[in-house]
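Here come two complexes built around subunit A, the first alongside subunit B, the second alongside subunit C.
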Partner chain A sequence: MTTKGAASPWRDPVALLAVPAVLYLLVVYAFPLLWLFMKSLTGPTGLTVQPYVSFLSDPFNWRIVGNTLRVAGWVTLVCFLIGYPAAFALARAGALLQIVMLVSIILPLSIGAVVKAFAWQIVLRRDGVVAQLLVGVGIWDEPQRLLFTETGLVLGAANIFLPFMILPIYSVVKLINPRLSEAGATLGATPLYRFTHVTLPLTLPGVVSGVAFVFSMSVSMFVIPSLLIGDRFQTLSTLMGRSFLLMRNEQLGSTTAVILLVLAVSIVVGSTWLARRLGGSAT
Partner chain B sequence: MTSDSFLDVAGAEKSFGGVTVLGGVDLEVAAGEFISLLGPSGCGKTTLLRIVAGLLAADRGTIRLDGEEIGARPPHRRDVGVVFQNYALFPHLTVAENIAFGLKARKHPAGEIGPTVRRFLSLVRLTDFADRSVRALSGGQQQRVAVARALAVKPKLLLLDEPFSALDRKLRENMQIELRRLLRELGITAVFVTHDQDEALTMSDRIAVMNRGAIEQLAEPATIYRSPATAFVLEFVGLSSRLNGTVVGQDHDHVIVDTAFGPLRAAGSFVTGAPVVLAVRPERIKVNTGGDYALVARLRDAVFQGSKVQLHFEAKDGDHLMVETADLSDGLPPPGTEMRLSWAVADTLIYPAS
Partner chain C sequence: MNKSPTTRSRTAVLNRRTILAAAGAATAALAAPRILHAQGKELVVGGAASHKGFVETIIAPVVEKKFSCKVVFEGSRSLVNLEKMQKNKDKQYLSVVMMDDPVMIPAVAEGLLAPLTAAKVPNLAALKPGTIHMDGMWCNYLQPWLGIAYNPKAMKTAPTSWADVYDPKYKGRVILPSLQNTEGLANLFMAAFLATGKPMAEAQKDIDAGFKKLVTIKPNLLTAYTQMPQAYNLLEQGEGFMISSAISQVALERKAAGAPVEIAVPKEGIFAMPSGVALVKGGPQPELAAGYINEMIGPEIQAKLSAATYSLPTNKDTPVPAGAPTNATIFGIDWKFVADNRADWVKRWDRDMAM
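Then we have the complex of A and B:
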């Protein structure tokens, strides 16, 4: 099995298939990113790290970072708690039901986030469905407004990003042999032990990609918080948007963008690394 | 319900969507015994195994193991180990971790787990593979891990679901002997599911031949082979010459049957005119020996099989006439040769025609 592995990627023609994607990403993504990065480091008198120093020394900005990470964390957690069992239901459902469920998960992706966020505005109003339901069930004494609250934002964003949690977990669950859990049972393992020692480690790769998807999308969401919580609640994305669009402060905008990127990438990479360590060689 | 049986399945019934897969099966297994459930696919043998393991709930019936009713217990509280058809090893764990899984799940003290794992690794001769990923093992090695994993928790009963079906023939024969030795050494009671009659004949203390959700015969291998209880058992286990005929007369405790090769005798009691099948195991038939012979037949084909030769003779539709002989002194006779075939009346089996 050593003969193939030693081949140089340059001599393997399959590597050429990635060329269009690499070129495209270079032009529309890597170069603009580099430009943005340079912009954040360029002051009136040349190269400077002053924008970063002043950004990080302002406690107001730390609150914004906190807002961003807290909301993204909650959205990811809610998506995981709902999406993980849903992925199992999907993977173990009969053929016809599975198609129906898949369509009902994928089809909403074709509706833009703006439309869905507007729909959530209606749902989260004081006289909206959620408030009426909670009053009807008796959890609330009188209807309250969820719109323009953090809870409302998390609820709406989790709904919009949920498919990105379900689908990667589903694709991993489908590959797991159902006999494995049975084997655990005949060895004397309780259902809980089977879950924590067989099912969870084996589904970890799917969980890692689902979490990476949802977290990176919710840490950088812009339209959804604008519509569901408004300008009072600042995140790194909304700050970045305001800097470019309203304040015309390109330096603050690009500095915020770079900080957001570094935060998001390091959290996603870090949690992936942690999960792989905890789960052993689960891939 | 006899008290000395270690496993006692009584009246086990199961149907899926109106289709009966198991129709009231009784099975008693003594402690330390090795029983095979032998039958074609769809006969209900795997269903019975899954019911005993607790992986499937029976519609009706009781299961007693070591004096306790276990029918209502979940699988993890039954003390019944299973070796699955495709082994179902945990792909994220090493060989040693797979074997340790049950011990850890049962919260054995850590100081006990290491020695037990090492003991079972050496029992299945995988000591050098302890830290390998199970995905890096060959089929035979995976099978041994599955056996060691199931036995390490010292189950009261071991169930094996066609554990050799994925192995090639040579390896399979070695593994059969090895498994048998291991189970004997540990004194484990085992129920073994297979559709391979050779496997069942070589390994079992007793064989339960299953057909359409019922046990047709439960007996020692030699009894199953020499005196099959039903025409199904005869056909499923081993080869046989079979001639259709009609009973034309009774002579003391024998009947005379009219066949395409003339009248033949067999021990039994049937009413005159009854359609029957006569059968003889092919190695019980002698070719061209002196003395009284039963019939003359024309050779259709001779098949050389190493230690023996199979001779197939011309027969009418529905009949099947074949002989196995080890005597090759005259070389393979050419097709068309007329030969005299004879056998003892005691070797003649008779069944009502189905």
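Then we have the complex of A and C:
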């Protein structure tokens, strides 16, 4: 990606096309974020890091951080396991089938998360289809509760975020020449070897952006956990929401927001970097 | 640069407020003594968005006819009303506020309310004990009550006691409001009452005992909700059997709509929810405002209002509407104590009630 033209965009007038977007993001995103950050550092007597010290020295808050990261990690993994093969099916499907598949992936995005969360409530309840299925095939002796459990939350959230995993992977897969894998086969590579040494490295950019999308959305989700798991399972987002809305404690709210942002950004950036390195060494 | 849309709309609001205040001042100056019967006056009342229906169909017609005035209702939320009063402290445009009791406390502390007196509001004398607060800074015009909502299809016998929700046979079937929700406080106080056996006025101060009892409900908990529609959804589908501490108004509206919902009056008693009304200090039309409150707690409006909202009247001479509990013990809540400690309780709730 780094070519000799790397410095030239600054002289290229095309770069000016980004000006409206940059201004927009500065006004509605960067400045408020800066304001939020300053708010978290402002105590009654000026600059202070006390809010961070007291937040991080409370073991309960570490549990909240753990809840947030664990659920986001599971959601991302489930989305990847379901989404990765689906992206291949989508990319290799015939024209008509591909349209049908794309519509069925994209259309659900137009339904709000609240509606989906309520639908999951029906699916996951004790006489819902999941429980009936598990009892029917003999995995469960009797219906058990799935609703308001971490499993239920992960299932529901993965359903809502799945398109954001499939689409970036699909966009990469459709550019890969299927013959590459066949070429590997003629050279005697086993299917597993071909997958780990040809297909996976080539799809890695799509996987990285899919993981980044899904992880950052699930680490910050607010409505879905409040409907699918309730008040007894706190995440950083729900804690932030109540600090502003109920406790009217702007300092705790902005401190939590900054911690969430730092965690999410560093995990996304870190895993991207790691994936690129691993991908680079594999090829 | 041009003014942003926000700035412009704020200017518009300020202009309207300025005009209202100026109009109020002009009327007051012109028609000083016999203000109540002058023509074309306007009274601005702030309340919750959910109050709009009954203010406009039940209260306003009576008040407008009696005082030949126009009632303008601004529906938002209790906290928004508080902010409106704080921001306009020198030039109030609201005359009356209808807010939850917990929000009245900071309003009193900031000197935003004017006391109600028997001279200005004679119907105060007819109110039930415990419904006039902080020496008349506000009074309750209604008592929506809290009982146990249940699904009669899922439970053949109705719950009879607040202790029933702790019964192990209801494993995973009980829904509680979060402590963030005002109605959620009732479970904490009732837990203290059940654990200590003290009278409610004392028991509700023993929060530690309350929490120790409340955690024992955890195996029975289906969920603790913050969004009430979800709780009713679960109850009506039969996934949950009971909502412990449900608001009469909500449960009985669902029942009236044909949903399988009933509300039980436990033998220990029921809680009264806070529906307060107060005079804004320095607000325009103070006498008209007092007249509005007087009518609100008078027999005519009380009868209509309590029936329409499935709540208890606070005027002791008004009959209890059909279907409402007639001789149950009604527990009051010390809202000052709540306001001082709520943040700590919510913090403890998070820890103790976590999955």
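The definition used in the following text is that the second predicted complex is superposed on the first by the 271 of 283 C-alpha atoms of A that agree within 3 Å, B and C clash if a C-alpha of one lies under 4 Å from a C-alpha of the other, contacts with A are read in each partner's own complex, and residues count from 1 in each chain.
Rule of thumb we're sticking to: a contact is a pair of C-beta atoms (placed from the backbone, for glycine too) under 8 Å apart; a residue touches a chain by one contact, two chains touch by 3 or more.
Keep in mind that this is a model prediction, so the values were computed, not measured.
After superposition on subunit A, the partners subunit B and subunit C are seen to fit next to each other with no clash.
Within the superposed three-chain model, A:177 lies in touch with subunit B and out of touch with subunit C [touch as defined at top]. When the two complexes are overlaid on their common chain A, residue A:198 makes contact with subunit B while staying clear of subunit C.
When the two structures are aligned on the shared chain, A:118 is found in touch with subunit C, with no touch to subunit B. In the superposition on chain A, contact of A:227 is made with subunit C only, not with subunit B. In the superposed model, A:188 lies in contact with subunit B only, and not with subunit C.
Between the Cα centres of subunit B and subunit C, as seen from that of subunit A, there is an angle of 150°, stated in steps of 10.
Judged by the touch definition given at the top, the superposed model places A:246 against subunit C, while subunit B stays out of reach. Of all Cα pairs spanning subunit B and subunit C in the superposition, the closest are 47 Å apart.
Common to the subunit B-facing and subunit C-facing surfaces of subunit A is no residue whatsoever.
On the side of subunit C, the complex with subunit A involves touching residues 172, 178, 180, 221-227, 230, 233-234, 237-239, 343, 346, 350-351, 353-355.
Remark: subunit A residues 177, 179-180, 182-191, 193, 197-198, 201-202, 279-282 touch subunit B in the complex. Residues 60, 63, 118, 121-122, 125-127, 145, 147-150, 226-227, 229-234, 242, 246-247, 249 of subunit A are the ones touching subunit C in the complex.
Considering their complex, residues 53-55, 74-82, 84, 86, 88-93, 101-102, 104-106, 133, 149-150, 153, 155 of subunit B touch subunit A.
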